[in-house]
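Written out below as structure tokens is the structure these notes cover.
Labels run A, B, C and D following the written order; every chain starts at residue 1.
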Amino acid sequence: MPEQVAFLGLGAIGAPMARRLAASPAYSTALWNRTASKARTVAGLARDGGAPTVAATPREAARGAGIVVTCLPTSREVASLLEGPDGLLAGLERAALLVDCTSGDPATSRRIAVRLAEHGVGFVDAPVSGGVAGAEQGRLTVMCGGSAPDVARARPVLETFGAKIVHCGPVGAGHAVKAVNQALLAVHIWSAAEGLATLEKAGVRADVALDVINASSGRSNSSMNLFPERVLTRAFPRTFRVALLDKDVAIAADLARQRGVPAPLLQLTAELFRLAHATLGEEADHVEAARVVEGWAGVEIGGKYSSGEG
Amino acid sequence: MPEQVAFLGLGAIGAPMARRLAASPAYSTALWNRTASKARTVAGLARDGGAPTVAATPREAARGAGIVVTCLPTSREVASLLEGPDGLLAGLERAALLVDCTSGDPATSRRIAVRLAEHGVGFVDAPVSGGVAGAEQGRLTVMCGGSAPDVARARPVLETFGAKIVHCGPVGAGHAVKAVNQALLAVHIWSAAEGLATLEKAGVRADVALDVINASSGRSNSSMNLFPERVLTRAFPRTFRVALLDKDVAIAADLARQRGVPAPLLQLTAELFRLAHATLGEEADHVEAARVVEGWAGVEIGGKYSSGEG
Amino acid sequence: MPEQVAFLGLGAIGAPMARRLAASPAYSTALWNRTASKARTVAGLARDGGAPTVAATPREAARGAGIVVTCLPTSREVASLLEGPDGLLAGLERAALLVDCTSGDPATSRRIAVRLAEHGVGFVDAPVSGGVAGAEQGRLTVMCGGSAPDVARARPVLETFGAKIVHCGPVGAGHAVKAVNQALLAVHIWSAAEGLATLEKAGVRADVALDVINASSGRSNSSMNLFPERVLTRAFPRTFRVALLDKDVAIAADLARQRGVPAPLLQLTAELFRLAHATLGEEADHVEAARVVEGWAGVEIGGKYSSGEG
Amino acid sequence: MPEQVAFLGLGAIGAPMARRLAASPAYSTALWNRTASKARTVAGLARDGGAPTVAATPREAARGAGIVVTCLPTSREVASLLEGPDGLLAGLERAALLVDCTSGDPATSRRIAVRLAEHGVGFVDAPVSGGVAGAEQGRLTVMCGGSAPDVARARPVLETFGAKIVHCGPVGAGHAVKAVNQALLAVHIWSAAEGLATLEKAGVRADVALDVINASSGRSNSSMNLFPERVLTRAFPRTFRVALLDKDVAIAADLARQRGVPAPLLQLTAELFRLAHATLGEEADHVEAARVVEGWAGVEIGGKYSSGEG
């Protein structure tokens, strides 16, 4: 008989994760989303695999579930989902496990874990990387924080959407690693934009510069993939909002400060993405941060070359 | 009959470049080095291929050469090599070409090019990346700045040690691209050190964190190669001095300022490597910059795990 | 009959504040300090004015007091003083008022205020500036956060050691203003050190430079007082620890981040004082941060001139 | 008989300086300005004192003059004024002295001094502070770089518009001190804006905060004068362009880099004023940099309080 599980939070990345979970014959899945119509849509799409039910409240979703997965914008939403008459705590069984795939913050996660422990419920933070495509293909990387038994217990559920599941350390460690990864991404995007804008103004085409840099020691995922595909083409597809990267970098920067690590580059990058977020608005993509540098410099990176040149 | 060329500056990277040039049957090569014994050693090692001669002065090296290659610590040394009774200008033929493989700065290179043009001599800046191993194997990447005919003329010489020869733009463009590449390298090293020191203090092992980051969006050449091989192992091999990376980042930062590009991350990184250079001394390797972050944070990145753990 | 009050926390600045309070005929004062001998010493010194008693526990100090004043290293110590069988909450009367002169943080103060309100106790944050000399002379500036009635009620007590009492806003506002003042102090010290070290290396004596700057638009309290008296003389008296300024700047930087204000200069300054604290140790004075800049620059600011030169 | 002098560059600050010089009975003054009508206007206004003549070219202005004063936007303009058939060098007498009141850069000034020395002409850099009002009242502070005899010789001329004349060091020292003063001004403006925007968003009025800060250790000329008079009133009078402060901070930042002083705060401030300049345009006042912080933070500093409140 399939194990009963729940998935709460069906956003851009949560929805395909939930569909893969619901499609697994090992699980009987309840879905919940703040906007219920979204849950019904996901349940409908997933019907071919399992037959997910739609829960009216977090409490109802949690009832009878051994494992409850959450995937929300920030840890604050996760914390507030616990409380109240319809909250998760009202439905969670003793000995259940909450697996939080939110890109959250370690400190709030530790508070959530303490609160859950009062009810005999375990907690694993398990943020993911790999984007919507990775979720759809079950190829996400999952960074876990929690006790070894709790992470082991979460693993089969995580494997329905993740290809690489890594136990990073105690509760909060998954969020910490995710935040640092995002901070490095942010550093790489911004510094590449500064460097390429400088080169454009010095008469060097960005595509030529990237051809060299990507064969040299200064290369990064940003220079190898994001800039060629998104900036030089001027496509700037909206896959991950700068507002969310702003939040992630701030988590990493706060963590550095809490842990007593002088981190001038991470702190400055947090400020730059904060102002990029303020400048570009809520809907802009994270790679559009390069537009802020372009605006200051009065130059465009790539885009203007006729094809065939080089 | 082989074309006559000269190579001046037989340092860590210049020596293997010169040996490859001298080994080519297409060229008859004269070598010069400030410390003449070094030139004699390189000439001896290269004797199996061509039969390089050792010149007593830059002037003598330049005499009769169609192409003169320089590879010195900074553009300042290149500029001072031109002048004086034994300088390059006293020996260079009209219509010769100076190919400068120094990791130099664009502004000085433009001044050198103007000075050479007064004597009918062309100039190409052609800094390289790929390290000593790349030089020995003829696999360097070469970034060229200069006119299209001059770069075309330099290409066969550059191909004796380079596998990827890219024409980046006008005189100075090669140095500009090299400087930006180095600045991004510096940004990546320092930010990775900040992030990993933070994670270590939050209870996450650096090797575990890198395993995740290197499968995620925050990866760079630094996180994928330098940190696993050099920092986590505590090996810190001395392959490229932090003093030289300090100089390179400063070139990129100055270029951004000259070109009117607000570049807070590059400028801050220039300061951090300046202070790392002051703190670590002249002989330290560039990756040892991570030690400065470790010292501030009071933590070591990697190193302390017994093998086999994970 | 004098009103009963208590003063908890007899550190460098708390002790002279408590002595002035105890000396006022308007108050009957109970003193408490973690190290009791310190409380007995202060009580003895103050005996000429009132006749302060020494309390064995925070609870005992609070019993019967209309107003309880705290002055501790951080808000964390204030929060922990509330709880437990011997804590303040066990002794505080309903309708009493806690006046916290700690240089604390707004967020913790708001939590403390909520906790006190559950017991019917009011809260005013009231950090001070003016140093030990200002406390001894009753000339402190006091920044208050809280409701207007609570601040009005605290005022006569604050006037025993303060000359300028300013109501800044709601609970936490006093701490916020104090933290920003300290952050500006930190910015001014560090930037003056950078500027003067640069001038020294360019052949300009720091005393000559300050003579000009202090007659010009770049002057600050740091350039007018701290550098002439403490740096150029190489006296570096230990009046306020860099460890505490590190804490204060971090409060301001965190506040900026929480309030969504991109503040690159404050954030970077927080990092610089964090690393200065790590480098200089717990006992160093805040002005010794200039020594870190000197060390990086390889130059001393002032100090080496023979007298009479100019 | 009055000594013959010349004054070149009649901008916002140069014009009142020239008028004071021309009004001195000790001097017979020739005026020159790129836009000649401006020179005629200044000459007309000054006619009551001396009787300044208007020169058609720099060469004509210099002819017969013992001392030539320049006051231009940047050192670049001074350097270019020297050359050509109508340039200063064509008119300057051997043993004349060029006194440059431009807020220039030390490196260019040293090159100018070398060029002048070839013609037997001395050089003193003598930038001023005190603004238009200070110039009109003859109350400027003048920072001099040059040899002691040259500065002594310049002093009587400088005293026609300056009240405090300080010999700072060798050629370039005046510009270096001026640049550092300006950089500190820039640091103080920007950091005060960050701090006050944060306080506004935390519910603290900027006027209340400044009342406290200006009685405390965080005060500066910016917090005591610029913010109360120009920001809180929302007057933002245009007295000194942000474009010029951008240039000045960059001079200080470049000097720090050339002298090998890690100066993260000065470098970051240079970037912030560079982007403020790009954002606000050529005509904006330097204090309007606060508007950039306000825009990022989404808050206004002061301005919205009805009068009489407090």
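Brief remarks on what is shown
Everything below uses one rule, namely that contacts are C-beta pairs under 8 Å (C-beta built on N, C-alpha and C of every residue); 3 or more make two chains touch, one makes a residue touch a chain.
Just so it is clear, the structure is predicted and the values come from calculations on it, not from any experiment.
Residues touching across the chain A and chain B pair largely coincide in numbering: over half of the numbers involved belong to both copies. Between the interfaces B-D and B-C, more contacting C-beta pairs are found at B-D.
Note: the chain lying farthest from chain A is D, by mean C-alpha position. Averaged Cα coordinates give chain B a centre that lies 41 Å from the centre of chain D. Work out the mean CA point of chain A and of chain B, and you get 38 Å between them. One simple way to say how far apart two chains are is to compare their mean CA positions; for chain B and chain C this gives 51 Å. Among the residues of chain B, those touching two or more other chains are numbered 260, 262-264, 268, 272, 274-275, 278, 296-298. Looking at the complex, you find that chain A touches chain B at residues 106, 129-130, 141, 143, 164, 166-170, 172-173, 176-177, 180-185, 187-188, 190-192, 194-199, 201-205, 208-209, 211-213, 215-221, 223, 252, 255-256, 259-266, 268-269, 272, 293, 296-299.
Partner chain A is touched in their complex by these residues of chain D: 264, 268, 274-275, 278-279, 295-298.
Chain contact summary for the complex, chain D toward chain B: residues 250, 253-254, 257, 260, 262-264, 267-268, 270-272, 274-275, 278.
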